[in-house]
Each structure stands twice: as structure tokens, then as C-alpha cells.
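The data blocks that follow each hold one structure.
Both complexes shown next keep subunit A, but they swap its partner, so subunit B is in the first and subunit C is in the second.
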Partner chain A sequence: MEHTHLPASLDAAVKQVKQALPISADLVVRTLHKRRMGVLFVNTLLDTELLQRAVLAPLQRLGGHAQTLQALMEIIPIASLKVTDNLQQTLEFLLRGWVYLHLDGIAQGLLIQTDQSPQGVIPEREYAVIGQQTAFTESLENNVALIRKLLPDTRLCNESLTVGRRSKTRVSMLYISDIADEQNVITLRQRMEDLEVDSVIASSILTQLIDDNSWTVFTQMLLTERPDRVTYDLLEGKIALLLDGNSLAILAPCTLWDYMKTSEDYNTRWNLTMLIRAMRIVAMFGSTLMTALYVAALTYHYQVIPINLLDSLIESRLRVPFPPLYEALLLEVIIELLREAGARLPTKVGQTMGIVGGIVIGEAAVQAGFTSNILIMLVALGALSSFTSPNYMFGIVIRLLRFPMILLAGWLGGLGILLGIAFLMLHLLRITSLGHPFLWPMYPLRLRNWKEGLLRLRLPSYAKRSDFTRPEDAERYSPAQAKQIHDIDE
Partner chain B sequence: MRARRVLLISLALSLFTTGCMRTNILEQTGLILMVGYDDAGENKIRGTSLLYQVDPRAKEHTQVISSVSASSKGSREINNLGMAKKLVSGQLRVALYSDELVRKNGLFGLVDTLSRDANVGRMVYIAVCRGQAQDLMAYRYPETSNLGSFLYQDLKQNTLSGNLPSATLHEFIRDYYEVGRDPVLPILEKEKNKVSITGIALFQNDRLAGETSTRNGYYIKSFRDPHKPMYLEVRVKSQALKPVLKQAPSKSETAMMFSTLKQKPQIKLLDPQNLRFQITLQISAELLEVSEPVDLSKPETEKQLADAIGHQMSLELHELLTQFISLKTDPIGLGEIYRSSVRGSHFTRDEWHEMLSKAQLDTRVEVMFVRTGIVD
Partner chain C sequence: MNTTPTIPKRLLFNASMLVFVIQANQVGVGVLGFHRLIAKYVRQDAWIAIVIAGLAVHLILWVMVATLRMFDSSDLYGIHDAVWGKWLGRVLNALYTAMLAAPTLVIIETYIEVIQTWISVDIPSWFVSLSLLLLVIYGVLGGLRIIVGFCLLSVLSTIWLVLLAYYPLQYAVWSHLLPVFEAKLPDLLTAVQKMALTLSGFEIIYFVYPFVRDKHHAYRYSQIAALITNLIYLIAMLTATVYFSQEQLLHNIWAQLSILKIIQLPFLERFEYLIIPLWVLVILPNMLLYTWATTRGLKHVFHLSQKKGVYAVALITLGLGFLFNTRQKVNQLNDLFNTFYLYAVFLYPLLLYVVALIKTKWQRRQEGKQT
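And now, the complex of A and B:
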């Protein structure tokens, strides 16, 4: 580890710390006794009340008499104190939430433990079985601290911005200076500074205000409530925005595959994840196309139905008075109604809705000859598949995409579905997120980077970072060392 | 910007010009599962369609209608007049042609119309029917509620894991167009209360030339589709097996049953002038059953059994091929071998059938037993 000595002068020491933590809105420098004494700390990480009571109050009462660190150590009522002359150690402890006390003229400083564990809540929207059981709260400082705790890196920048003429919402823009693309940082900062809006209440509103294409159904910035997800993505070169009063962080730029990843994917072994992620992706495509394929097959392409399925298909359709198109639309709307009603209701009543939907509508609709069994199964399967999306917003997008597909299938059959897929593909190809292609690494084709999207390989393959943002620090760890495995007797 | 809007609108409108496709809503169509054609005299044919009966309350699962017309599509239109639902052929699985029709008119015209119908798949099974197809299809079999899917499954399983050479629409058309190779089709027959495959029809071009037993299907299939596992029972004179038998044989012939793991057929043209072919068939097999007690613990037993079988099969193969030559039919594709080995050998199908009668054949079958059973 590097070893840089701390300078004796307070101004020089402050300058060095500020240089090492270039953009940190949460770094606070407090001087006392006519700049004879300096107190430095990262204010998101520490217990402010403790700082005031146990550090600042005794120091102020001192009246500028104590001239040595030893004398100061006598009067500060805190258990853990450390004398250091090392800049790197100072930075490390600052980012852990300790306070650094510097006396002008002494080439040493005092580190005082005042840190406080940030508060997290149990994740509700993005649950992980093995992963961290922490989600963002609605306090900005606390959320920054949650990330700083996972990533006490001096290169982690924290810029403070304000958006909204009336709401004056504080936004923290977090990125790692030597991994994130500076161009992205500039673009994002520019977009927020240019924002002429009276209020920004939620982070999802902010994404709609600053994204590339406001017409599309696809969200181009990812919303997440998980600090570990944010940390992973920061390390991949993304930029995170945290809003005061909001428990959802914004991540940009994003690709389509980001919506199909969970932080759990990196917690489970690679081969298991590969299977699960593949299943998830198949489920998304299946969910958009399943009902449409049913409609197309039953309306136009009776030829493709296997002979063993004919019996059950025809029998279930026999009592249904509508053509397959209307039957499918009807059921899809019912499912959406159920979902919407369930989402709006309190949990306890929501369960009743499930019973009403599942048993009453499902069973009774078939009994009454309203829909066919097979379609109910397919629609339910489609809804289920859409819920495998780790991202709630993306799940809604998938469910919405089904409707044009069904209409096209009812209008032109298989040809219609193919037209729909072609339009969807064209649309996806044109979407960008902060100017980055949404379908990367499929388009533009970057085979080396498929491991960041569709695939999940062994961890040693992740030694090199993806070139999504062309990071300056291109390696997570040395690829050569990643291959080495030491035997027990070595 | 203006030009772009015009382009967009015209593109959007062009979607409507494709019009709406003709819908075939599943339960509103009469799905034809099987068709059968008979000779109705006066250059007319009788077309019989077996339809999928959709009504679950109906006793029968199928409905059979037939009519006489000059063409197969014509008879379908006449059948359509008596139907509440539109007849469609997209679920056709089996097409049946009566032997009389095939002998007289040839099959190609009737098969060709199926192959040019986009609704009909290329994997439709084609078969020849002994007697009238209408009789076979109209009869209510006590064991089968749906004759169409029954015959489809029957043909399919015998093709995939039995001795029946594959006879789909696609293969028939391909063999028909190939110079130096003739199609083969299974023969279906109505026996009292059931239908079964009772033989293999041999063709000269598209005309029925003769037939052979289903057992000989093994040999035909070995050359046409050698990768499928099959079963065969071979009878060998007990006298020849005397050294390996444990006791004196009780019958004059010993039957041996084996299943094959793979066949390796080889046809070589030895002498182009005299049309001398060497036909070898190497078989890896698993011995299943021997009708006389033999001592399988001795390693030479297997070898002797295999040799005896090989010898017998070689005779059978020779006999079968001689029958082909006398019928002027070529199901195993000797003509293809000739055509690919002799430079500039341009001949038509009919010329080849004439040439074939002069062919001389050496046959050899080598059997190797890989194992004599698996005990667990």
C-alpha cells in the first residue's frame, strides 16, 4: 500500500484530502480556534449527534489551549482513537465514517471513531434469497451511506445537484471517476441542470424527464431499491442518481438485459444463474407471444396444431361463442384487471382478490362457456412469466406488448406476429439510453461482452470490465491472476 | 419532414392492402384427417374423406363422406356440399389409394395434387389399400374411435421403430423424380375387425408393380434408411447349427430373433458392362431369442450363430432382389449407384427399368452380435 505522509500545515492537509476525494459533496471540513484545528469527516457516514457531543463540544470548550494530540486524546470521550501520519489510512477511515482531527503544525492527525451503520429496510420490490437484505430508505444521506459502506472507494464521486424550481429536490449523482464515462456524467449533469420543472417528487418522474425517448414504452433508466445492485452497476461504469425522499435509485445508461438481471444472479453459482437467467429471458419472450400464437394458430393456422392436441383444443373451444381473438383479448383484460385491483388494494383484501380472480373468474368462465380452459392456462402462464421480470416496470411493459401482438395475430395470423416482432426489433434497435444503444451487446455486436447481458460466466471471466463505457480502469482484477489457483500445499 | 410523413402514411396504408386473410377458425372447420381414393370407372374416382368429429356428445369421433368426381379436389368440393363446416385439408395425416386405382391409373397425379397444396404437410403418410379404400374407411372398428389418427400412429411407429420403410408424401415424390430409384409404400388391409399393414407395395415409377411381405421391409429399409433400429426373425436349418446346440434339435428349422443396432449397407458396381453389382450388408445386432437351447457362454457360439444367420439372410436378400429385377422395380436405388459410377450414363426411368432386368447381383450379409442380452 502506498504511504504518503501527512503534512504539518492544516491547509496543506485539507488540500491533500480534498484532492484525494475530488468530488464528494458529503465531505465536510470544519475549522476551530482561528484555523488552528481542523475536523474533517464524511457527513453521510457518521453519527452527527455523537460528533457534536463527544468531539466538537470538548474541543470548543478547550479554548485553543491543548497543543498536542495526546492532550486532545485525554479530553475526547470516545473509545476508539488512532494517531496517524498516513494520508491513505486517513482517507480509508474517513470513508468508514471516522472523524479526522488535525492540529496545525503537527504532521500527524487523530482519527476518532464516530461511525454509524446506515439504516436499511427489508427489500419489498426486489427480494433476494441469498443476497443482501437491505433496501434504500427515503433519506438521501442514509442512502449514500449505504453505498459508501459497500464501496469505500476514494474514486467514488458524489456530486450534489438540485432539481425542481419549487420542490428543490436534492439529487446525489454517484459514479466512480475512473470507470464511468465522463461523457455520460456530463450529459446527465447537463440534462438535470437544464431541467425547467417546478417539482420532482419521485425518482421515476426524474427518469421520465431526462431519458432519451419519452414516447417509447421501454424505460431507459433502471430503478432499483437495492444498494448492492447499485454498487455492481457503479463498478460496471454506470451512474447512479439518488433523490432525497425516494427509496429508488436511478441507474443509467442501461441496456435491455439489465432489466433481466437481478443482484441474486451474482450471488448464486454461474451455471445455476445461467439456467435461471435463460429461463427468465425465454419467459419474457414467451409472455409477449404466447397468447398471440394461440390466436394465430386457432384463427388461421390450424395446420400447425399437433394431432394429439386437437381433441382437447377443439373440445375446450366448442362452447365458446367468440372467435379466438376476442376470447383472448377478454381474458387478457380480465387478468390485467385482477392485477391492477390486486396492486391497488391493501394486502389483506388483495388475497381475497386472488381467490375471486383465480377461482370465481377462472372456473366460472369455463363453466359458463365463456372461454376455453387452454386459453385460461396460457394467459395465466403468460402473466406468470411476465412476473419473473426482476423489474416491476419491465413486467408491465411486457404485459402491454401482448395486446398489439394479439391484435396483429387476430388480423394477419402468423404474418402479423412476425410483423409485430419486426416492428418491436426496429424500435428496440433505435432506443438509446444516454446515447448508448439499448440492445448492446447484441447490437452493436460485442461478443466479448455477452457475459454482461445474456450470459453469466465464471467469475474469473469477469476480470476485464465490459467496454460498455470504455472504462479507464479496464480491469476488475488481473486476468492472469484470476486463472491461477493455489493448491493447498503450495 | 413532409416526405417522411407521406412515406409513413403510405407504409401504414400498405398494410391494409394485404387485406384480411381467410380465417379458418379451428372449431368451425371440418378437419380432414384421412383421404382415400378408389377407381369409380369411366375415368372417375371416388374420393372418401374421414373427418374429425368435434362434437363431444356424438358417439363417433369421426365422420366419413365420399363422392364420385373426375378429380380428387372435385370430389372434395362435392363432399363440401353436404357439410355444415368447411372442409379443410391442413390436418391431413394419411392418404390411401386403392390397389386397383394405383395399378390402373398410376399414383402420381393424385399425389402431386396433395404435394402442391400448401395446406398439406410433406410428412403425410401415403399408403396403398388392398380393396376399396371406402370400405376400409367407412367401417366402424370396435377398437378404434378415430381411424385417421390410429392409422397415422400405426404407420408412424412402424416407420420409426419397425421394419416399415418410411413412405411420406415427401419421400414418394422424391423417389418418383429420382431416376434409378422407385418408391415403396405400405399396403393397408381391412381384416374382419381391424386394419393392419399386410405388405409392402413395389412401384415402377408410380404404378404398382408388385408386392412383398412386411418382413422383407427389413431388407428394403436397410438400404433406404440404415440408421433405424429394427427387428428380424430368421429361420435357419437346424442341421447347420448342430455344433452349438445343447441337445438334438426338436424341429428342422431353428428360429432366431434379433434386434439390430445399426446396418451398414454398401452397393458397389463391379462391372458396368454386365451390370454386376456387389451388395453387402453389415449388421450389428443383439441376439434376443433362439428357439433351440444353445450354449451362449462359449464365445464361438455367437460367431457360428451369426454366420448361419448371415448366410440365410444373404440368400433371402438375393431372392428379394431377384424379385425386384423380375418386376422391373428398383426400390433400393441400384440405378443411382450406376448413374453415379458410370460417367455419361444418361438414361431415362424407363430405360433403366429395361436395363435392370439384365443386372447380376452378388449379395453378402455379415452379422455380428454385439451382445446376447442385458441382464440387470
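And now, the complex of A and C:
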């Protein structure tokens, strides 16, 4: 580790720390006794009350007499104190939430433990079995601290911005300066500074205000409540936005495949994850097409169904008075109603809803000859698949896309479905997120980077960072070491 | 000689994408029913005709890229201006533009015919044509990079269909290929000529070349694309020849679809009902690329903005679609453009190359004299 000595002068010391943490809105420098004494700290990480009571108050009572560090140690009622002359150590402890005390003229400083663990709540929207059990709270300082705790990196920048004429919402823009693309940071900052709105209450509103294409159903910035997800993505070169009063962080730029990833994917072994992720991606495509395929096959192309299967299909549809299109639309709407009703209810009542919807309506609909059993199964399967989406917003998109697909299928059969797919392909190709193509690495084709979204490989293959944002620090760890092969018995 | 303004860097694409662009543009509706047209003249030797035609494609691609290389960063329109002079160049450009607008119509009409024959007569042709053209408009408005992306996705999502040859090959009668080399040379050449429209599509290199980032790799990748296409056609022809008897083959208008009929999976039968809708993804790249090239031409010759150009081309194609409403007319259209393409895509590039070569040599000598 590098070893840089701290300078004696207070101004020089402050300058050095500020240089090492260039853009940190939460770094505070407080001077006392006519700039004889300086107190430095990262205010998101520490217990402010403790700082005032146990550090600032005794120091102020001193009245400006010349002191040595040893004398100061006598009067500060805190257990852990450390004398240091090392800049790197100072920075490390600053980012852990310690206070750094510097006396002008002494080439040493005092580190005082005042950190507090940031508060987290249990994740509700993006649950993980093995992963971290912490989600963002609704306090901005606390959320920044949650990330700083996972990533005490001097290169982690924290820019402070304000949006909304009336709401004056504070926004923290976090990125790692030598991994994130400078151009993205400028674009994002510019977009927020150019915003002329009276209020920004929620982070999802902010994404709608600053994304590239406001017509599309696809969200181009990812919302997440998990600090570990934000940390992974910061390390991939993305930029995170945290809003005061909001428990969802915004991540940009994003690709389609980011919506199919969970932070659990990193925790599980690579081969298991690969299988699960592949299943998830197939489920999401399947969910958009399943009911539409049923409608197309039964309305226009019954020939494609083998005779045995056709038999059971006809049997189950025997008493259904509607054409497949209406039958499918009816069921899809019922499922959507159930979901919407369930989403607004407290958990206990929600369970009852599930029983009423699933068993009563489902069973009764078949008994009454409203729909066929097979369609109920397909629609339920489609709904189930859409819930495998790790991202709530993306789940809604998938469920919404089913309706035009079903209509097209009922109208033109298989041709309609393919026209829909072709449109979706063109549409996804045209979407960008902060100017980055949404379908990357599929297009522009970067086979080397498929491991970032579509696949999940062994950890050694992640030695090099993806070139999504052309990072300055292009390596996670040494690729040479990752590739090293040992012979037997060595 | 640089005759077109330089293209901004963000619009460029990698040379490797040419594999997908050219291959996607070469394979279209033709592959569904080209077998009969070739077999009519050379019977079991049809595959030889395809090999010869394929070799011709490789040769012409070489000539095309060589021509393009003489003119730094210019497309065919710019080259025409430089080689033939202002007026003749302009006339040729107008002709070429009109010719590039035609495939969209031919493709749509042929595809509608397939749909109405195989799936349902009730699907209104104007509606299919309208929805395809709307997709074309949407794609072309996104620019060439989007179109290239669509070519990539299209190839990735349909190339696996080649593997379906496994099913008919289980019933192959390989003696159908014998005797080899029975066809006479004139017949063979006629058959090769009939492949013109089916194999065409590689001429798109004339127009996308300025947009390629690493131009020195362009030649390699376009040849790879042509090779893949040739293999696809060869596999298709061989499968059809060994699967059908000669009489059957000669009476099968859409041989490829008839072959696919025999595929049976536990949950799926009659594969052609899956393939025909899927062909939307195969024909869209052709329509997108040709329409795009047409709008470039309209811009070059008539200074019409590309945005207006797309709408104009789509509207005209939609209108002309109403005229070609019978099988005979569609057939005539196909035959007419086959001849057109034979001259414009297979023979004209040779002439252009020779003239361009002489002209550049002559110009260089003039410059040498002056200094």
C-alpha cells in the first residue's frame, strides 16, 4: 500500500484530503479556534449527535490554547482513538465514518471513531435468499452511507444536485470516477440541470423526466431498492441516482438484460445461475407469446396441433361459447384484475383475494363453460412467468405486451404474432438509454460481453470489465492471474 | 476521389456486420420456391447451376469491392457521378434508384401470394402490405444502424432453419442425383441466369460500404456472407432434389414449404404454418435495406430528404400493390425483374469496373502531366 505522509499545515492537509476525495458532497471540513484546529468527516457515515457531544463540545471548551495530540486524547471521551501520520490510512478511516482531527503545525492527526451503522430495512420488492438482507430507507444520507459501507472507495464520487422548483428534492449522483464514462456523467448531470419542473416526488418520476424515449413502454433506467445491486452496477460503470425521501435508486445507462438480472445471480454458483437466468429469459419471452400462440393456433392454424393434443383441446373447449380470442382476452383481464386488486390490499386480505380469484373464479369459469381448462393453465403459466421478472416495472411491461400480441394473433394468426415480434425487435433496436443501445451486447454485437447480461460464467472470466462504458480502469482483477493454469502436482 | 460527404462516426458499423447484412439481403422469399425454376432446365444437375451462379456472385463481389476501393468513401451514386459525368451519371442513378425500389414490391407481392396460398385466402393483401410497409417505415426512420441491427437479429433467429434439412434427408433417395453432368451447357447457363433475382442482394455493398468502419475488412466479410448464402441455396436445392422425384419437383411451386411439411414433433405438426409467418423476419431486412438504399438515391438525385423519401417509396409501393393482384401478374413481375437484375447486378458492375479503372488511370496520367 502507498504511504504518503500527512503535512504539518492544516490547509495543506485539508487540500490533500480534498484532492483524494475530489467530488464528495458529503465530505465536511470544520475548523475551530481561528483555523488552528480542523475536523474532517464524511457526514453521511457518522453519528452526528455523538460527534457534537463527544468531539466538538470538548474541543470548543478548550478555548484555543496550544495543544498536543496527546492532550486532546485526554479530553475526548471516546473509546477508539488512533494517531496517524499516513494519508491513505486517514482516507480509509474517513470513509469508514471516523472523524479526522488535525492540529495546525503537527504532521500527525487523530482519528476518532464516531461511525454508526446505516439503517436498512428488509427488502420487500427484490428479495434475496442468500444475498444481503438490506434495502434502502427513505433517507438520502442513510442510503449514501449504505453504499459507502459496501464500497469505501476514494474514487466513489458523490455529487449533490437539486431538482424541482418547489420540491427542491436533493439528489445524490454516485459513480466511480475511473470506471464510469465521463460522457454519461455529463449527460445525466445536464439533463437534471435542464429540468424545469415544480416537483419531483419519486425516483420513478425522475426517470420518466430524464430518459431518452418517453413514448415507449420500456423503462430505460433501472429502479432498485438493493444497495448490493447498486454497488455491483457502479462497479460496471453505471451511475446511480439517490433521491431524498425515496427508497428506490436509479441506475443508468441500462440494457434490456439488466432487467433480467438479480443480485442473487452473483451469489449463486455460475452454472446454477446460468440455468436459472436462461429459464428466466425464456419465461419472459414465453409469457408475452403463450396466450397469443394459443389464440393463433386455435383460430387459424389448428393443423399445427397433433391429433392427440387436438382431441383434448376440443374436448375442453366443447362447452365454451366464445371464439378463442375473446376467451383469452377475458381470462387475461381477470388475471390482471386479480393482480391489481391484490396489489392494493394488505397481505392478509391479499391472500384471501388469491383464493377467491384463483379457486373460485378459475374453477367456476370452467364449470360454467366460460373458458377451457387448457387456456386457464396457459394464462396462469404466462402470469407466473411474468412474475419471474426481477424487476416489478419490467413485469408490468411484459404483461402489457401480451394484449397487443393476443389481438394481433386473433386478427391475423401466426402472421400477426410475427408482425408484432418484428415491431418489437425494431423498437428495441431503436431504444437507447443515455444514448447507449438498449440491446447491447446483442446489438452492437459484442460477443465478449455476453457474459455481462445473457450469460453468467465462472468468476475468472470476469477479470476484464465489459466495454459498455469504456472504463479507464479496465480490469477487475489481473486477467493474467485468472488465466494461470497449474500443472498437476505443482 | 471523394464524392460524398464524410459520414459521422456514430453512424458507422463494424465490417463484421456485413456478414449479416449481405446474407440477410440475399436470402428472401426466393428460397421458398426457386427449386422448380432451376430444375426445369437442368433437372438433377440443378446443384451445378447453383454452384456456378454462386461462383459468379463471389467474382462480382470482388469486382464491386474493387470498384468501391477506387473511390475512397463513396457509394454507387457518387461513383456514377464520378465515372459517367454529371448528366449520364444522374440518369443512371435515377434508373438504379427506381430499380432498388422494385424488390420491396416483388417481395411483398410474392409473400402475400404464399400467405394466401398456404394459410388463408381471407387475409386481405392490402392489409399485409400496409403492415409490412409500416414496419419498413419505422425501421428506415431509425437509420442504417437500426437496419443493420435488424439484419443481425433476423439472421440469428432464422439461421437454425437450415438444420431442419435433417428431417427430409431421412427420406432421401440419393440416386435422384444421378446421372451427373447430364445437362447441356446452354441449359445450364439459362438455369444460372434464372438464379439472378434469387441470389441478388449482395449489391447492397455498393450502398452500405461508406458506412463501414474498418473498410479494409469489408471485402473478407462480404465474401463470407456470399459463401453462407451459397451454401444455404446449395443445401436447399440438394435436399429438394433427393427428397422429391423429378416430376414432383417440377410441379412444386413452393418446394421448400412442401419439404417442411413432413416435420413432426410431439406438440407441433405442419411446420410450414410456423415457417411462413416466421418469414416476415427474413423478408423485412431485404425490404428495409432496399428502401433505405432507394431513399439514399432519391436524396442524391432529387435532393429529397430521406425522411420524405421513405414515405414516398412506401406509398408508391402500397399503390402499385393493388395492380399486381393475380398469380400471373406476380409471376410476370418476378420474370421481368429477374432479367433486370441479371443486367444491373451481374453484368453492369463488370462494365463499371473497367470504365472506372480506365478513367482513374487516365486521370492519374493527366495529373502526372500537369505536375
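Keep in mind that, in the parts below, the second predicted complex is superposed on the first by the 481 of 490 C-alpha atoms of A that agree within 3 Å, B and C clash if a C-alpha of one lies under 4 Å from a C-alpha of the other, contacts with A are read in each partner's own complex, and residues count from 1 in each chain.
Following the convention adopted for this analysis, a contact is a pair of C-beta atoms (placed from the backbone, for glycine too) under 8 Å apart; a residue touches a chain by one contact, two chains touch by 3 or more.
Keep in mind that what you see is a predicted model, and the values were worked out from it rather than measured.
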| said: A:L415 in the overlay: touching subunit B, subunit C, both, or neither? Say first, second, both or neither. | reply: both
- Query: In the superposed arrangement, which partner chain does A:I314 touch: subunit B (first), subunit C (second), both, or neither?
  - Reply: first
Review point. After lining up the shared chain so the two structures overlap, which partner does A:I75 touch, if you call subunit B first and subunit C second: first, second, both or neither?
Key: neither
Look at A:M425 in the shared chain and tell me whether it touches subunit B only, subunit C only, both, or neither; answer first, second, both or neither. second
With both complexes overlaid on chain A, does A:T299 touch subunit B (first), subunit C (second), both or neither?
first
Legend entry - Touching partner for A:P324 - first (subunit B), second (subunit C), both, neither: first
Where does A:L445 make contact in the superposed view: on subunit B (first), on subunit C (second), on both, or on neither? second
Between subunit B and subunit C, the one with more contact residues on subunit A is chain C
Which superposed partner A:L384 touches (first subunit B, second subunit C, both, neither): neither
Contacts of subunit A common to subunit B and subunit C in the A-superposed view 300-301, 303, 305, 412-413, 415, 419
Subunit A partner, complex, touching residues on subunit C are 13-14, 16-17, 115, 119-120, 123, 127-128, 131-132, 135, 138-139, 142, 146, 149-150, 152-153, 264-271, 273-274, 276-278, 280-281, 284
Listed in rising order, subunit A residues that touch subunit B in their complex are 297-303, 305, 307, 310, 313-315, 317-318, 323-324, 411-413, 415, 419
Listed in rising order, subunit A residues that touch subunit C in their complex are 300-301, 303-306, 309, 412-415, 417-419, 421-423, 425-427, 429-430, 437, 439, 442-445
Per the touch rule, the subunit B residues reaching subunit A in their complex are 15, 18, 20-21, 23-27, 29, 31, 33, 52, 54-56, 88, 90-91, 93, 119, 121, 149, 152
